[in-house]
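The letters A, B and C name the chains in turn, as written, and every chain counts its residues from 1.
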Amino acid sequence: MTEARRVALFVTCLVDQVLPEVGVATVRLLRRAGFKVEFPVAQTCCGQPFHNSGHTSEAVRLAKRTVEILGDYPTVVLPSGSCAAMIRVEYPHLLEPWPDWHSRAQALAAKTFELSEFLVEQAGWMPVRAASAPAVTYHDSCHMCRMLQLGAEPRKLLAASGHRVNEMRESDRCCGFGGLFSLRMPEVSNAMTTEKVAQANETGAPILASADPGCIIQMRGLAPEDGLQIEHIATLLEAASR
Amino acid sequence: MSARDSIFKQLRGRAREQEMPPAWISRRDFGDPAGRFESALTAAKGEVVRAPSLAAALDALGELLRELNARTVVANAEPPLSGARLEQRWPELEWHIVGETAGDLRAFCARADVGLSGADAALAETGSIIVSSGPGRSRLATLLPPAHIALLSTSALTTDIFTWTAAREGGMPANVNIISGPSKSADIEVTLAIGVHGPGRFIVILYTD
Amino acid sequence: MTATFPQFRQQARIAIEDIRLQGALDTATGNLLGARIQALAELPDSEKLRDHLKSIRSSTLANLVRYLEIFERNAVAAGVHIHWASTGGDARKIVIDIAEQHGVTLATKSKSMTTEEIHLNDALAAVGAEAVETDLGEWIIQLAQEPPFHIIGPAIHKTREQVAELISEASGRSLAPDDIAMLTAEARRVLREKFLAAGMGISGGNIAVAETGSVVLVTNEGNGRLVTSAPPVHVAVIGIEKVVPTWDDAAAWLALLARSATGQPLSVYTSIISGPARNEDPDGPREVHVVFLDNGRSRQIGGEYEEVLQCIRCGACLNVCPVYREAGGHAYGSPYNGPIGSVITPLYSGLRKYEALPHACSLCQACKDICPVRIDLPRMLLALRETEVREGVIPWPERKVEEAAAVVLAHERLLRFVTWIFRRLQGVFLRDGRLQLPLWLDPTLGRRMPGLAQRSFRTMWQAGELESKE
């Protein structure tokens, strides 16, 4: 297996501990696309929650740790727009005061990809169309669309695998997660999520897809139990492309 | 230390040299500026009457005054109105020509049906006219009456705000207004209401000069 | 006014539970968002224009004192009295002195955020000068004795029934709520009397153009013109950051302001005031005063929050903010609300008093995206959060929990151990994979949280369950 076909999976703390099936689906997809998947076991958390709550020294510590762990791999893939954005966009800023760490962070940023971005742009892989797949509506999570400018990629993959994509009125309106925001301001957070779920239901699609585990956990928390199904794109793509 | 001194001291201590960017050159180019003016102002709920000449414009003015049931009219003494002998043309109306007629200007404006003005310039892009204060030019005349009619020559049209500021030089009169429609508000339940404090009807007679 | 966490959450809850308010808020912000998109699309090169305006604002602030001096020189030459106020208290005193000098008992006001910032109306009332708001939305909230709900539309939260009641009381006539044209006509009638009787007109200033010492006022109703033309004295209270060097610079600001705020290419009236009426002018004020307000602004120059002074007060960030669109303007406890308010209110009025505001944000970045001058509000909100941690505004227990969590996450074996403990303890609370906490213990207020999965990804991987089949 050549170096070019090795990827390190940074599975993210939420997927690891709460939504492991997303990690499993991600591994299967990457293998289907012809890659050898490695899992650096020392990985834990990219540090984003600490960065977002103003605990900068904790964030720096975890950032350096992550840079250290992932540094030797040729490519890093994450099933999470927010964590990919943290590594790619925030790490270089966060580690700017330390020139050596800063350049290592920049090097890591250059080879870090969110899953759908990796499959479409790096691997040039498209799923085979499933015999039948339900319509989905896609949530443009904040990190995906505004920090990474990714929105076409997940849609392309979903459509190619047979899911018709019904657009929400405001697909890029924040779902209300925001990390610790969802615990500090639960009234507002819940109201935001309720609005998102309502808009998703309006589209008539039975499934709401997202590339962000945090958003999925949030939205599942307020969607009616027997109604809208909320799934990670990795889960949907893996199921459709078996 | 005065407030001025303390603010300036604070600012001087933090100042840095940073170049201003070169002026913005407008990329707009309207083949038909008069047409653009008309559609822009109409979209903003203003009204435009086209006239092929100043004479025709004055005829149109007469029709408008009739249509509006105007009885009292205040008019700025500025071109093209100043040469138009308004009181002689329509003697049945009660006139106040700014700077010429005796009496309380403000009180007249407050009860006038129509205010008349010219326009120093106009912006085609946004359907705006530019009126200024000065001798014979009242601010309240175009503000208090429920209708404001302006006579605008096509030669006064410039492309947009950028071409206007680029051509402008020297000082400013005490008051200049760029007027882009009738007075309005959407403050109550986001519902459009026309004619809040200023004129509810803003009509430009655009004549070719 | 303050905005502690409990206060913000309490006010937000009231707004969220008010179905009518939510509808009004969504409609108003949605309309403004749509109109903005259309208005900018109509410009041939709006993105470049945004960059251009940002560059103007940044360079102006870099050397603000130079442009303030030029403004002062040109304004004084045009007959303007210039005053300087380091604090809100200074500014109030200056305006009160002018009012007292002229024996003012009635002042009309056009919409001005700075005068709300310094609580001018109350101070004028205390010296016997009634200050009447004349912007329709501002008048409505003045009658209701409420703070403004939105930077551009202060009364968007009021229903027509509520407005009818307020205007009926003010005018002494009983008005039907369904005829908005009638309500507006009544407002026109009542306020017209005030406009013409006032001894002083008070305004803010959208832009202060140094080239000619001019104040630019952007309005739609005509009240801005009446306030600055009818009374014998006009006083404008303007933040020092509103200065631009030339008319070309002002043009860029004007080309983007109304488009970003309401979707109009220009507001109905762009009024340019350059001194009192000249001798030959038939009407206009005999005296014009400009009060430049600092109140915490100059301190930001050269610092990490300087960018916030570039704000052109368009309100677009409010319209797009998903938090504002649920919590509404009153939750912020400040005339400056929404994303921009969440940064400047703590900066100008104190971080402890407004501790909740940097956290009234899910960091979605929509505000930065939409800001005409691309102010990086998220970066500054994060910086304020960092300051809160550093200065102990965040309570000690919360900080300790986060520090402990970071320690656990920095050691993979410790993480495995701690999550193993959680998995054993959570069983008590788990029902169908969901954590069911009693409401008094539940920080999510009923939003269902998942428990930790039976087996983590790393456990499965390390147990060899995810070996490749090839």
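Keep this in mind: contacts are C-beta pairs under 8 Å (C-beta built on N, C-alpha and C of every residue); 3 or more make two chains touch, one makes a residue touch a chain.
None of the values given here were measured: they were computed from a predicted structure.
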Minimum number of chain-to-chain contact steps, subunit A to subunit C: 1
Top-ranked pair of chains - ranking by C-beta pairs in contact: B-C
Innermost chain by mean C-alpha position: C
Chain separated most widely from subunit B, comparing mean CA positions: A
Subunit B-subunit C separation of Cα centroids, rounded to whole Å: 31
Averaged-CA centre spacing for the pair subunit B and subunit A, given as whole angstrom: 55
Where subunit A touches two or more other chains, by residue: none
Subunit B to subunit C touching residues, read off their complex: 2-4, 6-8, 10-12, 14-21, 23-24, 27-28, 40, 44, 98-99, 105-106, 110, 123, 125-126, 128, 133-140, 143, 160-162, 164-166, 168, 171-191, 193, 195-199
Subunit C residues touching subunit B - in the complex, by the definition given at the top: 24, 27-28, 31, 44-45, 49, 52, 55-56, 58-60, 62-66, 68, 78, 84-86, 90, 134-137, 140, 153-156, 158-160, 163, 180-181, 183-185, 187-188, 191-192, 195-196, 212, 214, 220-223, 225-226, 228-230, 240, 245-252, 254-255, 262, 264-278, 280-284, 292, 294, 298-299, 301-303
Touching residues on subunit C, where the partner in the complex is subunit A: 5, 8-9, 12-13, 16, 322-323, 326-327, 356, 359-366, 368-369, 382, 384-390, 394, 399, 402-403, 405-406, 409-412, 415, 419, 443-453, 455-458, 460-462, 466, 468
Sites on subunit A touched by subunit C in the complex: 11, 13, 15-21, 23-24, 27, 31, 36-37, 39, 41-45, 47, 49-56, 58, 61-62, 65, 142, 146-147, 172-174, 176-179, 181-193, 195, 217-218, 220-222
